[in-house]
Each structure stands twice: as C-alpha cells, then as structure tokens.
Amino acid sequence: MSSIYREMRLKKLAHFWTSFKSNGMAISGALILGFFTVAAIIGPLIFPYNPMEFGTVETILQPPSTTHFLGTDNLGRDIFRNLLSGARISLMVGILATLISMFLGTSVGIISGYFGKAIDSILMRVTDFFLVIPWLPLVLVLAAILGSSVWIIILVIGLTSWAGTARVVRSQTLSVKERPFIERARAIGADHSTIMMRHILPNVFPLVFANTILVTAVAIISETTLSFLGLGDPTRPSWGMMLHYAFQSGAASSGAYWFFLPPGLCVVLVVLAFTFLGYAFDEILNPKLRRR
Amino acid sequence: MKRQYLGKKIIQSLATIFFVLVFNYVLFRIMPGNPLAMIMRNPRASQEAIERTRELFGLNQSWYVQFGIYLKHLFTGDLGTSFLYRQPVTQVIVARIMPTVLMVGLAQILATIAGMVLGVLAAWKRGSRIDIASLSFSLVTYSMPTFWLGIILIAVFSVSLRWFPTSGMLTPGQSFPNQLAMIKDAARHLVLPVMTLSLVLIGEYTLTMRNTLLDVLTEDYMTTARAKGFDDTYLIRKHALPNAMLPMITIIAINLGLVIGGTIQVETIFSWPGLGRLMFDALKARDYPLLQGIFLLITLSVIVANLIADVTYGYLDPRVRE
Amino acid sequence: MDKVVELKNLKVTFVEKQSFLKELLTKEMPLVRAVDGVDLTIKKGEILSLVGESGSGKTTLGKAILHLVDIAEGEILFQNQAVNFKHKKETRRFRQKAQVIFQDPYQSLNPRNLIIDIVAEPLEVNGLVKTEAERKERVMKALQDAGLDPPESYLYRYPYELSGGQRQRVAIASALILDPAFIVADEPVSMLDVSIRAGILKLLVELKESKGLAFLFITHDLSLAWLISDRIAIMYLGKIMEIGESDTVIKQAEHPYTQALLDVMPIPEVNRHRQRKVLSGESPNPTNIPAGCRFHPRCPHAFDRCREEEPVLQAVNPHHLAACHLIEKKKTQEKSHD
Amino acid sequence: QEPLNTMRVGVTVEVDSLSPLISYSQIGYEVFQLVYDPLVMLDENLETAPGLATDWQISDDQLEWTFTLRDDVKWHDDTPFTSADVKFTYELLMENELGMYSGSLGGMTEVSTPDETTLVIRTELPKANMLLNACPILPAHIWSEVSPDEYDAWPNSSPVGTGPFRFEEFRPGEYLKLAANEETFHGRPQIDELIFVLYANTDTMAQSLRLGEIDAATNFSPSQLEVLNSDASIDAIAAVELGFVELSFNSWDDPSSTSHPLLLEPPVRHAIEYSIDKQRILDMVYSGQGSVGTTLVPPEGFYHYEPTSAELRDYDVLMANQVLEEAGFADLNGDGIRQAPDGTPLEFLLTLRADNANEVQAGQMIAGMVAEAGIKFNIETVDDGALMDKIYSGDVDMFIWGWGADLDPTTILNVMTTSQIGNMSDSNYSNETYDRLFMEQQTIMDPDERREVVWKMQQILYEEAPYIILFYDNSLQAVNTSRWTGWRRIPDEGGYFFNLTNYNYLNLQPVAGAGDATVPATGGSDSLGHIIGGLGIMAVVAFFVFRKKKAANSYR
Amino acid sequence: MELLRVENLKTYFHISQGIVKAVDDVSFTLAYGQCLGLVGESGCGKTTTALSINRLLPPEGKIQSGNIYLEAVNLTALSDDEIRKRRWKEISMIFQGAMNALNPVMKIGEQIAEAVVLHQQVSHQQAWGRAKELFELVELEPDRISGYPHEFSGGMKQRAMIAMALACDPKLVIGDEPTTALDVMVQAQILNLLDKLRQNLNMGLILITHDLSILGETCDRIAVMYAGKIVEMGSTEDIYHEHMHPYTYRLLRAFPHIRGPKQMPEPIMGTPPDLIRPPSGCRFHPRCDYAKEICREEEPGMTAAGDGHAYACHFGGAFNG
C-alpha cells in the first residue's frame, strides 16, 4: 500500500513541479540560488580562503587578473575567494535568522489566532510593537548592546523580523480556525495542541513558506546593512563586511570597482533569487493568484 | 459606528505606545552604562552634577517610581539632555527633523505614486512586456541594499554625469539671493537621496499593488462591473483601485518604520543632515538620552502613521467601520 | 424505547461581538438567543429532523448537544445521564459516543491530511489503536461502512482528489469509526449536487437501521426531512414550533410556519406562475425576539393573543405537538360547533 | 559687488559644541583658534609667537609671569579687549575645570590685572608648559552674563571672539561657516568665507573634492590618497600628527578585575611585540602612511625617546618564541598554542572598535602574526561606548585604540599615571616611580633637563609595556590647489590644517580667475566603467526573467 | 419573434493541462418575454454559456466558433467596444452569489446609478432617482439605497442585484443561479419577484440553475445540459412529463417530491466527465443504464420529439420500456 502512498506524493510533487517549472521567476530564482548554494558549499573547498592571511604591499587592490579573477582587496586578499566564503556567511545568516523568525512568527501567529481573546490582544500588541518599531534602529541598538558576532547578528535579525510572519499567520489561522474541519477535530475530542499542530499548522504552512523566503531576502539585506554600518563580525567576512571594508577604504571613490561591485551584486542576486522564489511560491501556492 | 472603530484603533495605538515606552525604558536601562555611569564618565563631573542626575532619573527610587518619573518627564516634553551636544534632546532633535521629513516625505510620495502606477500597469497587463519590465525593475531595486544603490547613484549621476551634487542638503554656506534660488539648490540636492530611497520602496509598492490588484481583479464584483459595460480605465479607477488601495495603505504605513532604517543609510551616504544620521551618531557616541528621544519620536510617528492608515482604511472600507 | 439524547429547556446564548470601547462603556451586552428553550428527545434507531430557516438555531442546537458551544441554561442527558464535561475521561467517553457530520464536505476535511489520517484521527486522538495494522483495518472497515468500496483505493488520497459525495462519505466514515450511538448530521447534503444527494441519504437510513444509530438530521429542506426521518421538529428563532412524526407534520401541519415552509417547497412540476404564499421579510434576528409568539409578525393568522402570550408546545395528538394559539382556538371552535 | 572668495573644508566630525567649556573635539580646537585668540600662539615653525600678548616675562623664582597685552584689539562685537577678559577666562576655567583647555591651566594660583594691558599670573610651582597653553580668551562682557550653574550647558551658539575669523552660522549636521574679520591684528585673511562642511563618509567627501564641491578635506582613508593624488589639481598628503595607535593591555592588577593574569607578565607582552610586524601592517592597512611606533611621546616632538637597539623590540618571531620559551611557556599539547606551566593557554581576547575599519584590520593582522609565536588572539568588535564600559569595568584583555598628543608631553604622559585610573587611563596602569617622575617633569623649566625625566618615564613604559605603540599614524589631508594657493605643511612633514596653528587660513591666496564655479576634475570614467558593468549584469538578469516569462505564457 | 439565437456555440478554455471544452456545440433560441431554464450538474458549462453570450470570458476562455444573435446583431462578430456598449443595456446579468458580486466599498445606489449614467446619458442625479425607483420595484426600502453591500442580508443583496440588472431596461437578463445559497423562503421570494418582473417588463430571461425543481413555476422552456452539450430541450411540460433523454429522467428522479409519493430519490451513479477528455460517443454513456455499444461509438444528434422538443439520444425514451 505504501507504493500507492508514494505514488500519490509523487503526483503531488509532479503537480507542483509543473507549476514551478512554468514559472519564470521560480526557475530563475532557483537557478541563481542553486548556483550560489553550490558555490558556498564547494567553492571554499576548491578555493580555500583564510581571512587572516594577507597579501603583501604589492598585491594590494590589484585589478582582476588571471591569478586573482576578481582582483584583490585593500589587504591583498583574493576577492573571488572572499566572495565564495562570504556566500557561506551571508546565506547562513539569512537562513538561520529566518528559521528563528519563522519559528517565532508562526508560533505567535497560530497561538494568537487560535486562542483569540486576551491572548490575542496581548500578542498582537507585542506584534504591532515589533511591526511599528523602526527596524534598523532597533537592530542597531541591539547589535550595539550585544556585540557583533555572527550568532548575535543572526539572533537579532531573527528576533526582530517575525512580526510580519506572525500577522500573516494569524489572519490565516483565523480563517482556518473557522473551517469546519477544526470544529470536527474538536468534536472528536482533539485538544488544543493537536488541533494547532495537526490541523492549523499544515494549512498555514504554504503561506509561511512563501513568506519565509521573503524574510530570508530581508535578513540577508539586513546583515549586509548591519555589516556595512560597521556592526558585522570581522572574523567572518560576509559580503556585507566586504562592502564595509570597500567603502571604508574608499574603494568606490578610488575606482576599485572590483572590490566594490561584486559583493554588492552578489547580495542583489541572492536577495533577488529569494524574492523571486518567494513571489513565485506565493503565486503557485496561493490559489487566488493562480485562478487567473 | 465610525467613532467606535476610531476609538478601538486609538486604544490599540495607545497600548502599542505603552509597550514602546516600557521597552524604551527597559532597553536604555539595560544598555551598558547606566545614566549615572554616563555622567560620571565625564572626567569633570562634579559631585553635584552626579547628585542632580541621580535625582533627575530617580535612581535612588524603586523601578516603578523611576518609570513614573520617566513618564512624567516624557509628558512634560522633557527628554533629558544630550550628552553629546549638551543641549536638551528636544532641541537637538527639532533642529534635524525637517530635512528627514522632507526627504522621507518626498520619497514616500514618489514611491507610492510610481509603485501604484507600475503595479496597476503590471496587474492589468499581466504577462505582457510591461508586466515583466516593471516586475523585474521592482524586484531588482527591491533587492538592492540601500547604501549600495546610493553609492552607485552618486557614481553615475554626480561623478560621471555631473548632474547632481554628491551630498548635503544645500550648497554649504551659500547665501541665496532669494527664496527661489534656495529651493532650486535644495531641489538639486534632494534628487539623489530621494531617488535612492524611493527606488528601494517602489519595488515593494509595485509588488503589493500588483498582487492585490490581481486578487481584486478575480473578484466576482469585477466581473459584474465588466458586465455593466465599463471600459478598462473606468474599471480600474472606480472598482479595482478603491479595493486594492486598502492593503496598500497598511503597507505604506508599516513601511515607514522601514524607511527610517533606509534614512540612516541614505543620510550617511549623502551626508544628509537628518535624524537618521543623528541617531547613528548618537548610537556611536552612546548618547543615550538623545538616542532614546529619537527612538521614541520615530516609533511614535510610525504608530501615528499606522493609526492614520487605520483611520483612512476605515474611511475607505465601509466594512471595517463597524 | 431508549432515549439517546434528552434536552430539557436548553438555552444557548451568544454575546454579540462588538467593539472593545463599547464593551468598556456599556455594562449590558446584546445577547443572541440562538437556542431559546428547547425540549427534545431522540431515541435509539431514530432519525429526528430539525428543519427551519437560516439562522433559526439549528446548527447551534446540534453543537450544543455535542458540547461544542457553551450552554446557558437547561440540561442535556445522554443515554439518560448528564455528562460532566469537567471530567476528562467522561468527556472522552461522550465524544466517542456522539459524533457529527458537517454541511460542507469541501471544508470539513483537512485538505492536507490523507484520507486514512482523517478517518483514523478519532482513534488517535482518543488513543484507541496500538498498531498500524489495526488502525488501517478499522479505517477500511469504516470506509466500507460509509459505502466507499474498495476502501484500499481511498486510503492514500487527499480530499481534493475525491468528489463531493465521496468526501461526505469519508466524513461519515470518520464519524462511524468510533461506533457512536448518536450522530448530528448538519445539512449533510445541501452542498452536494442533486444527483449525489440521494446516495448519502440512503446511507444514513441504512446506518440507522443496521446499527441502531440515532440521528439528529439538520436541514432546511422539508422534503428531505420528510423522506428520511422518523420525526420532524420545526424550529423558528431558537424554539421548536412543531414536532411530530414526519408524515403527520407534512401532511397535517398545524403551525402556520410549517405551512408556510411547505408552501414554498419547490416541486418538479409544471406549475407556471403559481403565486405562492411567501412569507414577507427574512428570518428576523435572534437578538431581538418579538414578544408573545415569536412568529406573530410574519404570521398571516396572528391575532391579539399571539402578540401578548407566548404559546407552549401542546399536543395535537399524542405524537404531534405544536406551539400555536390557533390550536386552542380551533379546539374551542370545534367544541362550540359540537 | 565682488564675488566672495569662499573656501570649503570637508570634515567628517562636526564641532561637539561652540562653547570652549564643553567641546573636546579636534575640530572644536581648530575653530576656536580661528574665532578666538590665545595669549601666545604658535607660528608656522610651531614656535611660540605673540598672540593677544605681545610680550611676557618670568620672575626669577620662576613662579610669576607678566604678560603685556595688545591695546588695539576689539571683540567681534566692537567691544574693546582688555586684560580683564583674560583674567575672567582663566579664572572661569580654573574654578570650573571645564573643557579641553582647563588642564593646561593647572598650577596657576592667582591671576591679576595691574592695568588694562598687563596680566600677572602666579603659580605654585614652576610651570613648564605656561606658554604652550592655547586657551582661547573669552569675552568677559558676554560670559559674565551666564550663570555659573549653566557653564556646562550654555551652548555659546554665536561665539564672539577676537580671532581672524568671525562666526557666521552653524547648521548642525551640515556645516559651520566663518567669515573674515576685517580688523584683526593678524592681518585680514584672503579667505572671505571659510566653511567646514560635514561629510558622513569619506567616500563622498573624496568625490566632492574631486568635483570641486570642496577645496580641502581631512580624514581620508589611506587608499584614497593615491587616487586623489592622481588628480593634477589635488594635493593629497599624509601629514605627521602628534598621535599614535596602540595595543593596550589591561594592566589592572587586582582581584576585582577580569584582566588576564598572563597578560600581566612582561615576557608575554614582549613576545607579542616581537611577533608583530608593525611595518607590514602599516604598509598594508595604512598604505604605509605613518611610522612604526615605539614609545609614548610621538617622535615629532622634542621629548620623544627612541629605545636603544638593545632595548628595542623590533619584529622578530624567533625572539618572540625565545622569550616565551625562556619564561616557561611551551606548547605541550601540540595545538599550536603555548601554555603556562599551570596549563593555561596563551589565548586572549582582542577587543576592537567596530566602526574603525583600519583598527579592525590591523587587529586581524596582529592575530595572524602572534599565532607564529604560539599565542592565540580571539577577536571581538564592539562600539566605542561598549569598549569604554569594558575598560572602566576592567572587563577586557587588550584592545586597539589611539591617542592624539600635544606639543607639550604632559597630557599624554598623564594618561599613564595612577591618578587617572577610572578617568583618562585606559590601561589601568600604575607605577609609583612613574607617578613621581610625572609630577617632577611638570616643574622643570629647562627643556633639556626636563627631557631627561620624560625619557626616563618613557623607558619605564617601554619596558613594562602597558601599551604596545603600534604606529605613529598620519592624518590624511588633501587640498585642491586650483582655487587656493600658498598651502604650507606645518611642520615640514605635517598637515595643512589641524596642525596647531592657523597659519594656512591666514595666508592662503585665491587663484586669480578660478571663481566659485567648480573646477572640472578627471577620473569619472573609471566609476562609469563599473556602473556600466553593473547595469549590464542587471540587464542580463532582467532578460533572463523576461525570457522565462515568455516561455510560461506560450505554454499557457 | 426571436430575441436570442445561439448557434453551434463552442467555448473552450485553454489551460496548461489542455483544452477544456466547456461549451461544445450548443444551440438554442429565446423569444421576447420568454423564460428559458438552463439546468445541469455542476461544471456542465452553464455559466460559460452565459458568459459567452456577453463575451465576458476570462482570458483563457475563447469562443471557438458559433454565432450568437441578439435580435439581428451577431454578438460574436462585434468589436470589443461595440459589445461593451451593449452590455447591461441589452443584456444584463444576475450573478451566482450576490454576496461577492457587489463591490464592497461602493454604495449600492452608486453601483446601480453608474450603469444608468453610462448607458443612458442622464445626469448623476437622475440616475440616482432611477435607482430609487428600481429599489421600489424589487421591494426594497428606497432609503437604504445609500447603504453598502455588507449592510444587506443575502436576500436583500440578491434583490439589489436584480434591481441593478434591470437598471437599463435590458432586453435579456441572464440569472446565473440567482437563488443558490439562499434560504428556501428567500428563494421563493426572489423567484416570485423575477417572474413578476419578467412578465411586467416583457424581457427575455435565462435562468441558470442546477435545481430542476424550481423551474416549473417560472420557465416556459428548459434546456438540460450535460458535459458542455444540450442533451434535451423543450417546453417545461415536455421536460417534466415527456422527457426523452435518460439524463433528464435520472435528474428528475433525483429530486424528492413533497406532494408526490414518499419515495427515496435515486442517485445518478458515477461522476461528471472530465471536459478535457470527454467520453467518446454519447458523453453520458458511462453513467447511463441503457447505454449500448453504439452509445460508446457514435455521438447522437438532436432528434425532434414534437414542437420545439428535441433530445440527443440513440434510444430516446428507453427508460419507458
């Protein structure tokens, strides 16, 4: 019987794949992201990079050449290699921060929407608070208090970016909650946690998923911005850190475009890829958009 | 009915403000360096000054009394004295408000208009070249770090093309023969920062507009309206837009918080003499009273903007008036 | 005969949702008297139909019996016992014995669960199965009971892969799996295409007969009620207006409201431009129930007494009760004729 | 009407206050020396020269100074300047101990004014730095109106001075504007308007300079220097500055401190110094601008002590390892990190200031270098404020920071005295001999004799190494010579401005015909190049999406 | 006199899974003042037929072939502009589910008036006057004209929708399931109203429904659709009493008859066909009790069975014997 089971799953996947592959944004997003993921995973293995290893005076800010595909930075380090290892950091920050944010946002959203009443009011005021509070200043302050290691940056971004998800999940929960199968679950005696985990979560998840991908994009930009403003982790040179150093060393005004453009473009591309995917999933998973 | 809705929204906003106050209070007390240490760090602080501060902040009182004192000071408009500028925080802030309001306001207006136009075009001509072009444009600008975009714009428009100045709000120290000349000068300086900020915003507005409009266009009442024989422009203007505007309003208001983040970057890149930079300077200098003041101001304005959005929403959508 | 469910003066009220501010400012809150004093018994192996306009409180009554909404007043006896819902074990036992089928088969099955999981959920929730094999076996049996044959081919599908009728059968299977004594069927066929309806109805009747199940069948379609039920109760604004054996209620309707309902029932017959005696207005709202007989504002026969005094259910004959002053009037008239 | 000759100077820090009682900043110092005059100023050779005082005598017991003041000086509001103003200013500062100038007034006991042009100052002990006090003289007729309670807050928002420039306008966040003072004893400057333009980042400032939006600027980053110099009309220099960058150890030898005990041991500090290739860091991070550091007093001054070759701990990894080996630190477990005999590894936390990219990068290089000696540095970055907290609470192992010094060594030497712990001291260093010598040097009037003592002090510090002086860094300045000429570096290796004298401001000449319309600069093309590249890539992306979209459509 | 003539209409939806032949060769006519009931199971193409007449199909839907004449004008041949001018003025629609068919943020009166302004060149004020009249016509309180849809109950919205449909005195009104989702009582009210108005205003009415039992009182003629085709068409009497097609027969048997004998309705087994790959031959054959070999192979044409009565079956009336 499990073969039927597998077959059904496959059918569903196939269906998803059909919509996915006919969606230009999804494909471009997946390709770009795939490229960077592969680059982040195997890149540093082929082109190892040690941020503590510096060049010599002669190798400072060299334009692209055959030995250094993308030239060198102000400390004579290879930019191409730095980009590859930066991809790891940036992607890691984006994804881990998103996981935190997703967990918080989904829990708050579901709990708030499901229980309603006082719990909802309180949680929603907290959510509102995180929603209205100017995000970057808050992150800046928090990062300044807590310090600037990658883990703290991840935590800070995660802790401050869940409000949107919570709202979306809550409103979805409110509508799922009204659907009769929830009442049915209550009628057969399911308790709150079962209902939330088994009935509400799976039904809000597609939305969370699409939303999450967008949060990842935001998280990566956030990391970049924080690093650019000097609050990044210098021992783990992400793309944002590269931009920070490029800007601090005046690369933009001194014409060292190879120092300044590639990390920025990488950020743009990766964020774009996540945004593409987010919107594409939204389009694929959101039946309303699909209808037309 | 309407008054109740308004009342509810105001109460909600007040609740949020209360959260903000508590948070603000707690945050700036757990920040390294309590107010006393800040004063004492000043090598020349006299014993009296320390006493005065102690009293001012009620540091010898219990926490709720301290919170009460904090609230009392707030309500009298006393945000303390900036450590950095040695001036009342309110005074420091007031001097820097206008440039930010000008820039953010313009950018928001521009981005809203452009985003709506692009979004409407994209949704109406879904799948066409226009849709793809505006979608790609929005997504690409949306994905750019604000500061990076700013630097690129300087490189293109100031350095290469020489169309606009690189930085500042007015040509420094220029005395202008008349008001008009000054406005012209300010306008030239405004272009790039406003462009940067709006470009980053346009993306989200376009996408939101497009998506909500697509949603709206599939609604049954749009079919009804089409069946009535109206042409496309009328349909969009009279039937689709009023409905699609609803989520837009919320997004625009919520975005204000985001825009403020953007101003920090834009003001840094373009040396714009506004609040964002002031805030960043205050942060770097650990000027807590100033930081707290700016933080409060920004948060309050975002909350007020949200309240206004909610009220507008209520005005536009008869359903939520109840 | 065994009483499965017995309701005594059951009342359910809702507080109308209103703004926070108003809640603060006003002490009294408008009450929705959705169920407003219902006495009813349902016996083993019986289908009792509950018929009424939208908003008359049918669903609420059904939910109240299953304790899915809070009861304001009155008492519910299940198999002659009051269930203590504070007691977890007792609640659980009750939940196993009383099940529900909802109106909308498209909405009442979790679209993200497989059929096997949906049907087995009551078992899991109540911790009644140990092994996977046992679980599957019981699910298959339930599916078979609900007329889905062969059951294997349904186990690993999602609800959206089934037709409306099949889905409703899945819902029934999931209600049957715990071997209940009583099922509330809330308009189980109203969302289905006519061509499918009949099958489901037949299934319900079969189940009643083969398992001795008791049903509360909620519908607004008098003809369906008439066809499948043993007794019919007519509900209006939270109260039972008429109750009796189904043929009696249909063929010898006493209450003007029942008569009005009968009159508007569509029939597949050429009857061009028949001017039906359609009641004016829509079902009035239960926040503001008229004094006297609650039906009097729409009643074509209303007289003074109806505006002042609320009629109680009284026997027209031992198996037929109605709440209308006309009955007495008629009786006195008959008497005076005599 | 003649067009005004305006000079614009780009700066990255703005005045923290217009009140000399409040300001602590370098830019404040620069502005005050333009708006106000001191009694004695420094000339282009950094020698003392008449300021408001034309002449001065010292009594034989070296405890009484008599200054003869100018009689023709007027405040910018036309009130005449008298000795009472000086007396007022000095007494105000001495009583209230406010601002950056009050320190240099230390030791004065009495100020008296026999007449309007004579000033007599008495001191407790001989005051070696009497003439090097740059304290601006404030107008008594204005400041006496201010209540003493408000001295620490009164903003002095429209300063009135006697200096060569009068204050015009200050727009916080934007610029500060001065105008030439018509009647000044310095002779009217050629600069009609002098504007300090604030930039939030050096990158746009560099662009602005090249575009001619400003005429001069300071605080560039090292790598910009070269590019700026490639511009024919721009002269970018690395100016020697009285300052240094140091690696500072927490020397708080007390149980309440969380300082690392192993760092209190001189061999460890010495090994660290041996293992740092300062020149390389200087070359890499600072583009070679500056010089390798040794002792506390920067070399430009008269008081600098250069360690003998025996004392000198120049870059030498072998020595580093040897020193550690001898002190009993060996890597027994083979993880590349040496341990103390009790097994504690030589692993320390290096705290860096997040917003100073140069220091962060220098720190990273250092961490790489000390590893060669079997020492492990972990790096954390925090902002200034947090670092300050850590320093005051003793919760730090070591950090990189910098100091600026005066011509007179007193201020910088003071940083290392015990009395400054909890105040200026950031290493929490304490040494009784040093403290005693510090008091002594202040009172020695003979420079050579004084130098002996100061050298001794530096020797102590070098040996105990609470600081490893990494470099004497330079201030990177650039001027656009197409509109103003006559730029002079002071001293010869020094800067055009922020050099303790206002010589350049007083002596610059406008280039005839250059006008205010800015000079075209070259060098836009390379930027254009990278833009076009960037846009190209975006176009490719857009095209990609476009193509995919079309495919999707036709599919439908 | 003929008001509407639909000839061999084929409307297909082109979607990624294939071509949905939602309406496949449908022909019928409608006279002035007549009411035609279009009945069939869910998904058989009723709405699509209605939308084709008005050319309001979604982008993926296309009229493949066929002609639709309103009076003498071929609607399928008109330009977008011309058809737009005719919408509502000549053909108006009452949509399935009025709860969603009204713009939630626009006053109901405005929604009626805007159509009047567009098609009748009157002032805005006059249009509101007209809207008030219409409200009275559909038995709604004229004061509520400036209310918003959410303030109306389901039945009232449906009335308002009807008022809107009548705003420009159309020649043809298409009611697409105007009473589905309404309560029996309200359904009866609305049907009564529609019937009365049609007679008073002498307009053509197409009443789309899946409930065969409600047509007996309102319709003159009934067309039974199955899987994109009309399988039987005739007067209401013909369909109820003289039906020749097995599908019509089964459909009628699926309804309970409260005034008739107490008999359980009978289900139609099987499921409606997939319109991308419809069954060969007669589309009903997989569900037909009387299907023979030929039904699988050959598609039956329309057979006349009397005046205006026709059916598409190889074995018309087979169930009788």
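Labels A, B, C, D and E are assigned to the chains in the order they are written; within every chain, residues are numbered from 1.
We take it that a residue touches a chain if its C-beta (ideal position, glycine included) is under 8 Å from a C-beta of that chain, and two chains touch if they have at least 3 such contacts.
Predicted, not measured: the structure shown is a model, and the values here were computed from it.
The minimal number of chain-to-chain contact steps leading from subunit C to subunit D is 2. In this assembly, D is the chain whose CA centroid lies farthest from the centroid of subunit C. Comparing the CA-atom centres of all chains against that of subunit E, the greatest distance is found for D.
The geometric centre of subunit A is 42 Å away from that of subunit D, both derived from CA atoms. Annotation: 87 Å between the Cα-based centres of subunit D and subunit E.
Per-chain Cα centroids separate subunit B from subunit D by 36 Å. Separating the centre of subunit C from that of subunit E, both taken as means of CA atoms, is a distance of 32 Å.
Of all residues in subunit C, none touches two or more other chains. Residues of subunit D found to touch two or more other chains are 201, 203-204, 207, 210, 355, 383, 385-386, 523, 527, 530, 534, 538, 541, 545-546, 549-550, 552, 555-556. Subunit B has residues 32, 135, 139-140, 151-152, 154-155, 268, 283 in contact with two or more other chains. The touching residues of subunit E, when paired with subunit B in their complex, are 54, 56, 84-89, 92-93, 95-97, 100-106, 114-115, 118-119, 148, 150-151, 164.
Of all residues in subunit A, only 1, 4-5, 7-8, 12, 179-181, 183-191, 194, 198-199, 202-203 touch subunit C in the complex they form.
Every residue of subunit A that touches subunit D in the complex is listed here, in rising order: 22-25, 27-28, 51-57, 60-61, 74-76, 144-145, 147-149, 229-235, 244-245, 247-257, 260-261, 264-265, 268-269, 272, 276.
Subunit D contributes residues 201-204, 206-207, 210, 220-224, 226-228, 280, 283-285, 287-288, 352, 354-355, 357-358, 360-361, 363-365, 367-368, 371, 379-383, 385-386, 523, 526-527, 529-530, 533-534, 537-538, 541, 544-552, 555-556 to its touches with subunit A in the complex. Remark: subunit C residues 53-54, 163, 193-199, 201-202, 205, 220-224, 226-228, 247, 250, 260-262, 264-276, 278-280, 282-283 touch subunit E in the complex.
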